[in-house]
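Below you'll find the structure I mean.
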């Protein structure tokens, strides 16, 4: 196991996700509770390279559990992908005598942590913080639940106006490679259909389905479209549908507010539990693990497994959208 | 005054606005309370022409005070702009022996009501139902407050992610001819600048302002853009700004969900009070009036005044955005 | 397996929980999708006894996924605990030729279903619908997530006023026998302490903890108290604390609004998936099972196990509250 | 007019109200915009006496427009009611060379400001910050709108569970002397009846009304009760009603979370506009005025008028509750 971890740093990396602050707070207080010295790294890996590393105490993280975004900020960092960049990062960690690092982010962020830890004498634990819910080794990632709620609140509102005007709406939600937000919000929002990156859907099939709805006197319809869907996004799909379909059609691209907002209960608790687990894993000598939640209990998974394995898209969810839309 | 009004119909017309249902409920129950027979017209003026007129009782409008949209639906209706269309509409009103009509909508809807009432023996009262808040004769229109809250909730979320990434965001809000939503949400959302249809802003001035912010170490900025602003909307403005400004810039077009959602307290109470006022105005013999709210009291204004007069954009609000952005 | 199930009824029983409507909708549409005839029973078991059984089609359950409460209503029913009551209930099921019953509720409701199914030739599947999250065989029950969010929104608001006045607040939340809502909302709400039925806490220890906070210059504190906690509830605890502690102390008993509200994304999706699973279990010949969610996948558990086994209170959650309150 | 005001302090006093932070931010930035030096007083008048006066710059008030509570904190202060207390307060103002004071609070706070300004050479402007909406000279006070929305959200949730169980609910809302929150939330929440301090209602009349509802097959009812109502509050009224009425009756006392929460759009804009107006009034030489909003425009009223005059309870609102409950 080597020597006891005594000085721990935490950073957030990649796209921000609601609940990251709750996780930072939990990491910091769990560390202090167990006697460690705690540090925060600003701007993700960029801050490691630039030596933006600041000591954090209990008060530093007070009153943030309910805040969206990340007080440590986040950034994409190309330099960290180079050996020179990682060397600078490690030198700064050594300078501050930091021996453990908690990385809150997605698979890109985990890859960086994995490499750093293999190259140098620094222990890393990852915490899955991304709204996309696309990481193996955890039932849910931090931010997914809040994003889903943001989306269904928007869909509930769109349904009001869709129903008042007898309109067909295409609602584009986040998800470049993963259709989880689209699928969950289609089920939760009562959508008539969903288009996701994991599955090709022909426009003809979609129009057929919408025409059946029209025959059944449904007077409004909502189709949820993940941005990474194969047809080119909501705008492109709507154009194609309009060619075959004489119906008042509108497009709504929800955009960046899906990333923000006060985290939900679920994300706050998930983030707090995983933050605790990450620090306690470091203190127990673990390295290159991701702290995830499986069946409502904390579980550690090797980071390389979390990155390499793909979570399978649950086909029953796609079927459920079809069932609920009858 | 002529004979007493005994049978009253209500319709919603133009774009839907949150609070229309609360207003319908109040119209119906106030009519019943005073002994009138109440009717609802589906699909706005189109339903008048197509004879989609249904009797409403107290239960018809139960449990809708909190719902967005309009249970009577709404539609744009070109046919009503023709004498033939209005003739059909009047014939249907006669058929149902309806002698009073409450029209919930914006200035286009009021114009139709005004003409119908001048051509035929039917009394009309308008209620201002539009998110745009652009009608003379009332401090606020039904739906404006809910739309503002929807917008600032989105801006609050966007600020989380903007601050986490040090980004500049252009947020486009509804308002083709009127900048009220943009102005109010800029103040309420803490935006750095606002662009509205009522006032031209040069891109150069905007960039200068944003550069001053940057000098002041503001690390994120939000600019609210009304869709009818002269520079061509948020996308066009963002493109122009990017040419002069090396900063991570994003655009978010909020779109149709601004029209939906459970109405706020303010809109529910406003809608309920104006619905009561409209029916009581009809019963007292008024015609071609709009029921508005001035200084928290109901006031009647001639519909032609409400249409012809423009509410002046309050210059102090524009100045206030600048003050608050220092 | 016996003959194929062809006519299925659904009822909600016990305390209402947000998401019950989403579950009813999914039960009905899944049944129709697979060719079954669907029925709803009003008022829980009372409606079975009184023959308040109505046919449901796809439209019967449209536009309810987002609504709190239950359109089928619910009631406690003493008569169903008697053999005579259950005889009447079964006779009514026979009269309508219903061969499968989906019961959405908590352990009391499941016990009734279990007995009925053992006494008579009727297949039953339970779906866990209760805000208390106290059922074995599922990670989460329908309504728990919405209740947690309702509670933390209230706590977030209370913290605003507590911090403005330097006050100590005792917030009483639902949970007669189970402390899950208290624990989760203490973590999510950033509370300084939590009192739950599963664990006795001495008032002296609590006061000691609060005094340490005061020494640390925390200027406001929130203690979450489950209603079934051993000290007699928030009022009683607050009285005892005040005797030893000179601090402005307030009590807030959140009460029944914890049961209502539009269900969250999590509860809508959970309810929809479990509703589908319950009907498909019936159609596959299962009997006396509960459809639950384990590690984000549907799982069937014998109802008698779900009732008899207790979910263990996770001690790490209690420790986490203490860690986060430092 | 005397010399130009150059150094301005702001304090919040009395009960906290959502929007106070938005007002502080506007006061500070408006002052800076016009070249003044700005100060904040902690803990209301207590901080004036204790010399808790701190300089504020633009960054001091960044990112607070959306926060509930008050960053300056608030407290009741008996000492300020004595000449000795006010002497100390004035001495501290002199020490910091402060010549203008903005007081955000209710009528008690204004009385203190009025007396201080008459006794000593200090100019004061009041801003109406109280959820009670009981001040003459403004259509709305800061915080009233947010409190109303908090209450109707709770009532919407209570209605879900009330309707699912066929129950009668008494919901107690804030308002010791003023029934505005009760009245507005009764209209907005669709309540069956309302009890307010300004009007005595006999329990017999209330029961008669509820029995008519029962005859009309309304299966759930909500009665809103202001805490200062003459019958002794919701608990006492519910007890009396139960004696005459065989119905499942519940009481919900909403409590302190009515004071908190992120301010609504309306309160943020109102607070921002009044904060600007208060500072500009000081700079123009005004003294002992309250900045209020009348018909959506800023208006100044003498503080003594604002305190002495009572806003009349609008009888049409009481009638409207009765109309809407049919």
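Labels A, B, C and D are assigned to the chains in the order they are written; within every chain, residues are numbered from 1.
Throughout what follows, contacts are C-beta pairs under 8 Å (C-beta built on N, C-alpha and C of every residue); 3 or more make two chains touch, one makes a residue touch a chain.
Going by UniProt, the chains are A, B, C, D = ATP-dependent 6-phosphofructokinase.
It should be emphasised that the depicted structure is a prediction, and the values quoted were computed from it without experimental measurement.
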Chains touching both chain A and chain B: none
CA centroid of chain C to CA centroid of chain D, Å: 36
Chain A and chain D: spacing of chain centres that average the CA atoms, whole Å: 40
Chain B and chain D: spacing of chain centres that average the CA atoms, whole Å: 27
Residues of chain A touching at least two other chains: 156, 163
Chains that touch, pairwise: A-B, A-C, B-D, C-D
Sites on chain A touched by chain B in the complex: 12, 16, 18, 20, 67-70, 73-75, 150, 153-161, 163-166, 169, 250-253, 255-261
Complex interface listing, chain B residues touching chain D: 22, 25-26, 29-30, 32-33, 58, 63, 65-66, 139-140, 145, 148-149, 151-152, 156, 159, 163, 184-185, 187-190, 216, 262, 264-266, 268-269, 272-273, 276, 294-298, 314, 316-317, 320, 322-324, 326
